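Order as written gives the chain letters A, B, C and D; numbering starts at 1 within each chain.
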Amino acid sequence: MRHLLLATVFALSSIVSAQAADPIKVGFISTFSGLGGSLGQELLDGFNLGLESTGGQFGGRKVEVVQGDDQAKPDVGRQLADKMVESDHAQIITGVVFSNVMLALAKPSLDAGAFVISANAGLSQYAGKQCNPHYFTVSFQNDTPAEVMGAYLASKGVKKMYIVAPNYPAGKDSLAGFKRGFKGEIVGEVYTTFGQLDYAAELAQIRAAKPDGLYFFLPGGMGINFVKQYAQAGLKADIPLYGPSFSLDQTVLPAMGDAALGAFASNFWSESFQNPTSVKFVMDFEAKYHRIPSPYAAQSYDTARLLDAALKTIGGKIEDKKAFQKALETVKFDTVRGKFRFNTNHYPIQDYYLTEITKNDKGQIVMALRGQMATNSVDTFAEQCQMPSAE
Amino acid sequence: MAKSPLIRDWLPIMLILAVFAAVPSVAQAMGQPFAIKVASRILVFAIAAVGLNLVLGFGGMVSLLHAGLFGVGGYVVGISSYHEFNGEALMLGPVAWGGSGNLLITLPLAALTSAAVASLMGVVSLRTSGSYFIMITLAFNQMLFYLAVSLDRYGGEDGLQMLGTLNLAGFDPSKRLVYFYAALSVLAVVLIFSQRLIGSRFGMVLRATAQNERRVKALGIPPIRYKLAAVAISGAICGLAGGLLAGGTQFISPADMSWVRSGDLIVMCVLGGLGTVWGPVLGAACFLLLELGLSGLTNAWQLPFGLIVIGMAVYLNGGLVGLLRRVRAA
Amino acid sequence: MTLPLLIEQTLNGIQLGVMLFLMSAGLTLVFGIMNLINLAHGSLYMLGAFVAASVASLTGYFVVGAIVAVIVTAAAGALLEVALLRRFYRRTHLDQVLVTFGLILVFNEGARQIWGGVPLRFSLPAGLDGSVHLWSGLDYPAFRLVILGVGLVVGLLLYAVIMRTRIGMWVRAGASNRTMAAAMGVNVEMIFIGVFAAGAALAGLAGLMAGPILAVQVGMGEPVLILCLVVTVIGGIGSINGALVAALAIGLIDTFGRVLLSPALGSMAIFVAMAAILAWRPKGLFPVHG
Amino acid sequence: MTVLLETRNLVRRFGGLVATGDVSLTVLAGETHALIGPNGAGKTTLISQLQGELMPSSGSIWFKGADITALPSHRRAQIGLARSFQITSVLPDFTALENVRLAAQARQGHSFRFWAQIAQDRALNDEARGILVRVGLEAMTSVPASVLSHGERRQLELAMAMAMRPALLLLDEPMAGMGKMDGAKMTRLLAELKSDYAMLLVEHDMEAVFALADRLSVLVQGRLIATGTPADIRANADVQAAYLGHH
């Protein structure tokens, strides 16, 4: 009992003394081991660079980052979130790559009073009915890139599309998004095993269906396997490839090599963006990590800078949750995307661009800008969200 | 030379339970309430490992099915809560059930369902033995895994988030202390039951079967029935653990049933030592604390973790229990 | 399904089967002869792919990368045997699972430290990166034909060595009766190192052949390992014939399962097949040990 | 004298090899029947078919007047056929007491009892201890079987068979690998047990066989060439030619 009393006293005093002098604690949970391991590193590197660009501070207060490897396992992610919120007293949880991990840890973190800022996972649940005052997504809602691409292709007169995704919710949502946007005929809709290695069987079916184009949603290694095999099967010349940015970005392009040339991606950002913030980001990132950044890194870079901008407006007082929420909702900052604001459901309103995979003058394979596909794009789930106001 | 069973078997069990029972007050005194959650997680996996060890250590059957059974338990709790929350009846053939968030109902249901699944798959698997048994249980685990992935209504690959409130005899299991004591009570029951079990007539037959199946048959005992019963019992225990994990974290997903998780459970048992009922508890604690501790130090934590596992495999013949025995004997 | 499509899918199935056979051959021999479950076999496959990819991009020659990769994986296999795994022949399968599980972690994290987490580029030499016109309506990737060819040649070679030579006789004797092999005065220690190195080299070969098709990345070995364990067990542990038949069967079942069944059932197809086969033949299709 | 066990035209082939060729053998109630023959004559194969570990290719096996040919081995054990193995087959991690107790437990019916501790079952433990005393292993009660000497393990094997209270003991070379001393001890023990059990004894030690057996059957290359009293067998010319002559 005495211990309990002491603990309570400590807890109280730590709240009282949590003034501007104390660092802001960020829990960075991501996947660093296993097959998704490179994605976590990409997010972390982007975040660290963003933090560096704000002088290691958010709103004038020092930032302390605690990181952890969720191994792409939801229960491990949940434990890390518990640890960071309770033991490290993290006020912000960010970094998560995979939607199943985010789904497991978001609710308990929010319940415990932390802000969850998604730097990647674009859950539909939190975009719609489950939207939460303290949950923000800086990346994008998972369906949007597909929906935008679908609408764009339809507007360009493409008639017959074949669509492929792994048999899991993000894949199904993405294809559903594509079908919402695309008004033509879907001549084939295939769901592959998650983590599938060989796509020869599917490629043979695609060849036989003779579509005008192929939209694929295959993150990570699956996309590499698919694109390599697609090119080897000689399909690339006849049936152009379309995908969301993360199926064709710098986390996979070096491994795809020439096989990816000529494919098109639906982007909210690519390394070929020419706005000053983006140019500086790409330059700094290459100088520090000796590789071209992917949109993962860009989202994460933006996350750090967004947090800094929001906290600056309230003098770094993250303890005032209402004020912080409001600051985030109305945040203005120099984003690599050129412009950015949050929708009512705390998901981004942003523009989408078409990029083509090409070789640059240094022989690197990059996403070259080919035009804008959509302006101020929002996700369809926002209408289901009734966000409690900060007041 | 043989010590009394009271000291040999029951003292370690009582010590383990006492150490766990002390966790909440120590954690709160040190201002580390998070330690209670870590301990709860250890408890849940310890329950599963103790259950697995009944077939692994005492029955001599290396099963990769148990993460699947763990997941079945979790999904029973999850799906029951889902239907209650959404007010949709769950159709079980002609019977409609409104679902439930009451863990006193759904946890036993989880254990029963897992036991039923284990029996069904056990009947086929037990036709094989040795390495073939390992692989056929792997096949069944993968079937359960992909079945869970295909449950679109319950979240598919993303997993099932329980939005309804659960209750456990009037308490809220998402409260850390409620969850901790629930898990501790279950572990206590499982340990006591298992210890009694291996000293019972059934346990003697099971252990004999693991040593020499041919001899057991020649004694007039049909081993397969006993092995099957053991698979069902250990399935029930794993299902219970899975149900607890789901109930405490309000989440269950196919990732909890991957074959790698089955492997983790085996590693916990072997690390702890297969010869005793309580060894796997040490193994689970050691495994999860190492994972947590090392992953907090570096993102490349799997390197030291792997080296430690190799070192233990080379030098710790008989697991941590074997080490304890040797230290005491020296 | 049209005829060209049927032929193409059959070729796909056989090609996947041949790949699996390359990798399973080593696994089944080590399993059968040394009675060792080597979960780290997938790591040797990964090593083969990584070494081949980096040497090929350094020198610019695919063939150089391939040769170096085979040599390096063979050496790695021999080293593993001598330094660590030979202590485990007489230990339980569980201890073997434990130590090779540890090895997987070390290999994966080691590879990440050396090569980084981003998947590697592994391009094919010009001429092999396109597809070949086989028949009207049937184009087939050139490199997959190479895999098919290499796999068949290596498979036949392996079969000839094991069935027709003295070394092969020792190895077979060892697979069906370990003590007998020792009693025959064979230098069992050397045979064991040799089998391990050869098995590793085959895994490395499988890895480097897969490299241009699949993502060369940390953790690439485990999904393949599972398939190979399935092949090994269905074929009958220690049986080269069995591994060949089972590998082809799994290749075809997986390919056609994905085309003909719903996604959930398609993912399960090979596991359902394995459970059914083992329920029918509890010691695999070609049991070696009595 | 009633017939306890009978085989009728029993045949077992392994591929082209005939291991048991048309064997018709009877064991009478209360008798000690020895089965002898040179190495590879098919004695263990025959015992394995009697016990149910191997199925015959054709022919039938009758026990206590019932056809048991199709019965699985554990069912045969339950109706009174107990076997000791040629290659010692005890439970290595169990103590001597636990080994014998398991056999006694098996005799008492099914073992689906999950809670009561068998170590506290006095009657069962006393019975097992009594049998251990009878075979001369009282000093080894709580020693794991893996630590016992070869001779002691053979005694333990016999004790396990006795604990089943069988109608017929199938003893497959109970003296195999024993020294002279242990062999003599085992012979004395079997002589004591003669009055309590019918036995079918496979043994190479001719001295012991002729001392113990009421009747003998001679198996050569899977075929039964003679059955009779020790005196008959000694006098049988075929047996001398085929078998005893080699010694």
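Just so we're on the same page, a residue touches a chain if its C-beta (ideal position, glycine included) is under 8 Å from a C-beta of that chain, and two chains touch if they have at least 3 such contacts.
Just so you know, these numbers come straight off a predicted model, no measurement behind them.
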{"item": "Target subunit D, source subunit B, minimum contact steps", "value": "1"}
{"item": "Greatest separation from subunit A - chain, by CA centre", "value": "D"}
{"item": "Which of B-C and A-B has more C-beta contact pairs", "value": "B-C"}
{"item": "Chain ID, smallest distance between chain and overall C-alpha centroids", "value": "B"}
{"item": "Subunit A and subunit D, separation of their C-alpha mean positions in angstrom", "value": "74"}
{"item": "Mean-CA-position distance for subunit B and subunit A (Å)", "value": "35"}
{"item": "Where subunit C and subunit D are represented by their mean Cα positions, the distance between them in whole Å", "value": "48"}
{"item": "Distance from the mean Cα position of subunit C to that of subunit B, given in whole angstrom", "value": "33"}
{"item": "Subunit A residues counted as touching two or more neighbouring chains", "value": "32-33, 41, 167"}
{"item": "Multi-chain contact residues (two or more partners), subunit B", "value": "149-150, 300, 302"}
{"item": "Subunit D residues counted as touching two or more neighbouring chains", "value": "none"}
{"item": "Chain pairs that touch, as defined at the top of this document", "value": "A-B, A-C, B-C, B-D"}
{"item": "Complex contact set, residues of subunit B against subunit C", "value": "56, 62, 124, 127-132, 134-136, 138-140, 142-143, 146-147, 149-150, 259-260, 263, 266-267, 269-271, 274, 300, 302-303, 305-314, 317"}
{"item": "Of all residues in subunit C, those that touch subunit A in their complex", "value": "2, 5, 8-9, 12-13, 15-16, 108-109, 112, 116-124, 129-131, 139-144, 210, 212-220, 223-224, 254-256, 258-259, 263-264, 266-267"}
{"item": "In the complex, subunit B residues that touch subunit D", "value": "1-2, 5, 196-197, 199-205, 207-208, 211-212, 214-222, 226, 229"}
{"item": "Contact footprint of subunit B on subunit A as seen in their complex", "value": "3-4, 6-7, 10-11, 32-33, 40-41, 44, 67-69, 72-76, 78-79, 82-83, 86-87, 99-100, 103-104, 107-108, 125, 130, 167-170, 172, 194"}
{"item": "Interfacial residue positions of subunit B with respect to subunit A in the complex", "value": "25, 28-29, 31-35, 37-38, 41, 149-150, 152, 155-159, 161, 163, 174, 245, 249-251, 253, 255-256, 291-292, 295-296, 299-302"}
